[in-house]
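Taking it in order: structure first as structure tokens, then the write-up.
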Amino acid sequence: MSTQSPDTQTESETDPQAERLERKEERADEAASSTTETAEDTVELKVFRYDPEIADKQEPRFDTFHVPRKQGMTVLDALMHARDHFDSSLTFRHSCRQAVCGSDALFINGSQRLGCQTQIQDLNNSDTVRVEPLPHADVVKDLVVEMEHFYDQMESVEPYFDPSEEPEGEQLQSRENREKIKMSTRCIWCGACMSSCNIAAGDNEYLGPAAINKAYRFYFDEREGEERQQERLEIIEQEHGVWRCQTQFSCTTVCPKDIPLTEHIQELKREAVKSNLKFW
Amino acid sequence: MSQSYDRGLIEDFGRWREFSAGMWAWVFHKFTGWVLIAYLFTHIAVLSTSIEAADASAAVIANGEDVYTQTLHGLESIVIVRFLEVGLLAVAVFHILNGVRLLLVDLGLGLEQQDKSFYASLVLTGAIVVASVPTFLTGAF
Amino acid sequence: MAERYSSFSRGGLAWFLQRATAAFLVVTLAFHFFLLHFYNHAPEITFAGSMGRMEVPAYWLTMVLFLGTATFHGVNGVYNALVNQGISGTPKRVAKWVLVVAGVALFVQGLRVSFALAGGSLL
Amino acid sequence: MYEHDVLVVGAGGAGLRAAIAAHEEGADVALVTKLHPVRSHTGAAEGGINAALRNGDSWQDHAYDTMKGSDYLGDAPAVETLAQDAPENVIQLENWGMPFSREDDGRVSQRPFGGLSFPRTTYAGAETGHHLLHTLYEQVVKRGIEVYDEWYVTNLAVTDEDDPNERSCHGIVGYDVQTGELAGFRANDGVILATGGMGQVFDHTTNAVANTGDGVAMAYRAGVPMEDMEFIQFHPTTLPSTGVLISEGVRGEGGILYNTEGERFMFEYGYATNDGELASRDVVARAELTEVNEGRGFEDEYVMLDMRHLGEERILDRLENILHLAEDFEGVDGLEEPMPVKPGHHYAMGGIETDEHGQTCIDGLYAVGECACVSVHGGNRLGGNALPELIVFGKRAGSHAAGRDLGEPKIETGKPANPELEDLDTTASLGTVGDDEAAADGGLAAEDPETVVDAAVEREDERITRLLEKDEGTQHAEIRSDIQKTMTANVNVFREEDALEETLHDIRDARERYEDVYVADKSRTFNTDLQHTLETRNILDIAEALTMGALARDEFRGAHWRKEHQERKDDEWLKHTMVSWNDGQPELWYRPVILDGENKTYEPKERSY
């Protein structure tokens, strides 16, 4: 497919780079002109809008944007397109675009997902995409929800390595032990799990799957020592701890990092029962 | 200060179409549990007629003319009660099957198949109930 | 070690007993249903028939245990459900005592029924 | 006004480490960050952290490899500090619970990485950065260090003496994104900038949307020189649609690259002698782009990376996360299809000029992490050398700001009295368009710190009010997108004189349009429109300095390639490109590289792997 025809070289010193970009642009134009007629080539994006300060947004509503469809387009791409081309006040959190920062957990076509990790073509209904802020959280504006409560729950489980004795030099950890906690360390604090859990929605003090998972990560880290482990168990067992979980599995289903949250919670329940039965 | 908008109850109950298997299992288990405990209370209430019946004479008892037997038979002859009993069976069977599923989940077994085992409980409940309809309804009409 | 022991949070104990009773109930409830709906048909139950069964001590004991566990399981289940819905403070305390009283009443009444059915034979 | 001893701007790996160090020194420290800490882009790092931990390895070897990798544009004192301090800092992370991958004997694992003479890259699965970031944040939580998250720092509060070397920094101006409140933050002992990369200068990057180079631009406008801005690392295998990085591991395991003709071009066209796909990043990136430019690219944009022949088992075992990335971000199944890839911006070697304590020429102003240039990476960063930089220099800056004595720095900062100046040969006008920059009239020089901070808040308040009150004009998104396009077209892997020159005109044009910018969203609540508009201003300043450096440096060194000058010119160019902002006018000058280490001198050698 050598398109290196010499007659394109007429303009003064056109370099291949510029030529390539020109070709690309032509292609894009072509694509664009062909899309204007066929409605199939746009995605209908229905987005929840709300702003406490702007008069006509105080009553929440849905806005519809028609975003040109592209191969590999994610929901986040579509949102960014809508913001940059149609309405710059469209507000949502995002940053990494690669499912590591946990900013853009959203309610997409009825389930909690990361906007950046969700290919539009993979959705059940890929012609109409409904995007809402995470359920069970207060909406600050548009798709932005209040995350403070989630952070508070995360931080309430003492989520930091805190060994019984200060280590000197490199500590050893067995491969098995690292393997044991591996999945639990993958959490990106996106809050999808918490939003999906009915129990967390009903009981504001419930630690929630992500925080319990965090507790799991430290509880099972053999480097911390047994004394600390006992203290951690008390956090886990508290009134609004593991016992609140009703094994609904929604958290596990939505977790974008595939962390087996329910399994971790259940394991901790058993640990708690076991450690207490010992003294019977 | 920023204000925030709380979408309230709509979030809790308006989303049922989007519930996942585990959520339905939870809802059903809850419902069946409550029905069962409510039934237990009525059940004992009905059976309490036996206390009075115990005072009846041996002949009355032998003839089935005591309050206990009369009450039970009276109830059993009402068609609706028969249907309610089928309902009770459904409720009990589902609660048992899903209860077993939950016990397994608590033991860390079959977590990967949790949605399948829920559907299995539903299907099995249906099958058992259908199979027992003849037994439950004999003589009802 | 007393401290440890007392640190057994009620939530955990309740949770555990709910499972333990459930495991027991699987057997008894299935047995109960089978016996009184499939083996003996419900419409054919009579006081005499019930008495005949209840006079067997093992059956009587099973039924009383069945009643006890079911009552505990049911009442505790309701209580847990309320707690999970987030009730706390006074409503929680009220719910707890109402349920305890109801549970005890149910069990006592059930016991009386069982004695009535067992005839004097067990006493 | 908020007040703390030490203020750290940015809570990625560098910022968090600095905050912990300052806290351990006893300072009252606070982090101010536009993203919640765990959202920082450090979390995206995959590969690992270099540190000479084992017998058979030594910090000297690490320093040597780094110097060589930098193409002799790293400063030896910085490079040696990095290599010396890295082991202890990595063990510190381990002691804080970081879940490193482990050997059979329970010690942390290390693996080989490009350009290293010893397998010294410590890693935690393919998510090293994620674990580093979270471990550090956990320690911040443990210490109860105050975090102002979702506070966007718009500017620094610096006095305005004529000579930047005499200025001092007393704080920052923060904008609470959630509420729209603008507030002054006073720092008694120091402000540490740790704002990360500047990938948004390009339209195709592995960097986050938040990586807009704010810290660099703020420091620059306050008078700190930007150093070696033209050195940008382009990664050869990024996904075309999003720029998500496909790790070098795929090629390491035997993945191959081919063009539309089905040719394994790395071999067919002899881009790299024998290494084929395994040649160094810049070589592969240039090869791919040559293929595309010569018409052998798919959709005139990308080439294909194929790993299907490795077999499902091996792929699942070692490259599982690549499958997820290709699937999630490109909609391609790596087991069934080849994956489209193209070069993308990855890392900025240059940044805010600092010494090895992280200090800039402005008193009380520090910079660490990717926004800083100490410089350890020189012309080209080795894989796995950025993360140790974060923790080593983060710690040093944090404790120095909090008052610890680290001795005399060996690296000089600030424009000396008689620098070697460059008169850039361009027809484009540079610098500010209007008079939005208050000239350094010395008015604040003698004032007390509070007044300096208040004055800065007032200035920012005016700027923001102006943007919000304007009802029509240009939207920032257009300007940003134009800059990104021109930068990617002209200042990327291939750099030609005319195109660079043209870019300066494009930037000028964009600057003019920015004069007319307005913010359509009038709300004070979570106004990202406003925030992004402010960021775009930073992108403009950075793009300009970057292009100026690229135009000035007429040689081929490290990641910087010039069509007309395809050789490294050691006689002329063993020096850093510096750009200073003189009251709105960028000025180019040079500072010689320091090749003398503690007890050896690094003699420039051919960089061939």
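Chains here go by letter, A, B, C and D, matching the order in which they are written, and residues are numbered from 1 within each.
As a convention for this text, contacts are C-beta pairs under 8 Å (C-beta built on N, C-alpha and C of every residue); 3 or more make two chains touch, one makes a residue touch a chain.
Note that the coordinates shown come from a computational prediction; the quantities given were computed from them, not determined experimentally.
J.: What chain is most central when centres are computed from CA atoms?
T.: A
J.: For chain A, which other chain has the most distant CA centre?
T.: Of all the other chains, the one whose centre lies farthest from chain A is C.
J.: Which whole number of Å gives the spacing of the CA centres of chain B and chain C?
T.: Here the centre of chain C sits 15 Å away from the centre of chain B.
J.: Roughly how many whole angstrom separate the Cα centroids of chain B and chain D?
T.: For chain B versus chain D, the centre distance works out to 64 Å.
J.: Just how far, in Å, is the C-alpha centre of chain B from the one of chain A?
T.: It comes to 39 Å between the two C-alpha centres.
J.: Taking the mean of the CA coordinates per chain, how far is chain A from chain D in Å?
T.: Between these chains, centre-to-centre, one finds 25 Å.
J.: At least two other chains touched by the same residue of chain A: list those residues.
T.: Residues 52, 140-141, 202, 246, 269.
J.: What positions in chain B touch 2 or more of the other chains?
T.: Residues 2-3, 102, 106 of chain B each touch two or more of the other chains.
J.: Mind listing the chain A positions that touch chain C in their complex?
T.: Going through chain A, the ones touching chain C are 199, 202-205, 234, 237-239, 241, 243-244, 246, 269, 272-273, 276, 279.
J.: In their complex, what parts of chain B are in touch with chain C?
T.: Residues 30, 33-34, 36-37, 40-41, 44-45, 47-48, 50-51, 53-54, 56, 61-62, 64, 66, 68-69, 72-73, 76-77, 85, 89, 92, 96, 99-100, 102-103, 106, 132, 135-136, 138-139.
J.: Enumerate the contact residues on chain C facing chain A in the complex.
T.: 1, 4-5, 7-9, 11-16, 84-86
J.: Where on chain C does chain B make contact in their complex?
T.: 19, 22-23, 25-26, 29-30, 33, 37-38, 41-43, 45-48, 50-51, 67, 70-71, 74-75, 77-78, 81, 102, 106, 109-110, 112-113, 116-117, 119
J.: Would you pull the chain D residues touching chain A in the complex into a rising list?
T.: 35-36, 38-41, 43-44, 53, 91, 94-97, 99-108, 125, 127, 129-131, 134-135, 138-139, 141-142, 178, 208-210, 239-245, 260-261, 289, 292-297, 299-301, 325, 328-332, 475-477, 481, 489-490, 494, 496, 498-499, 519-529
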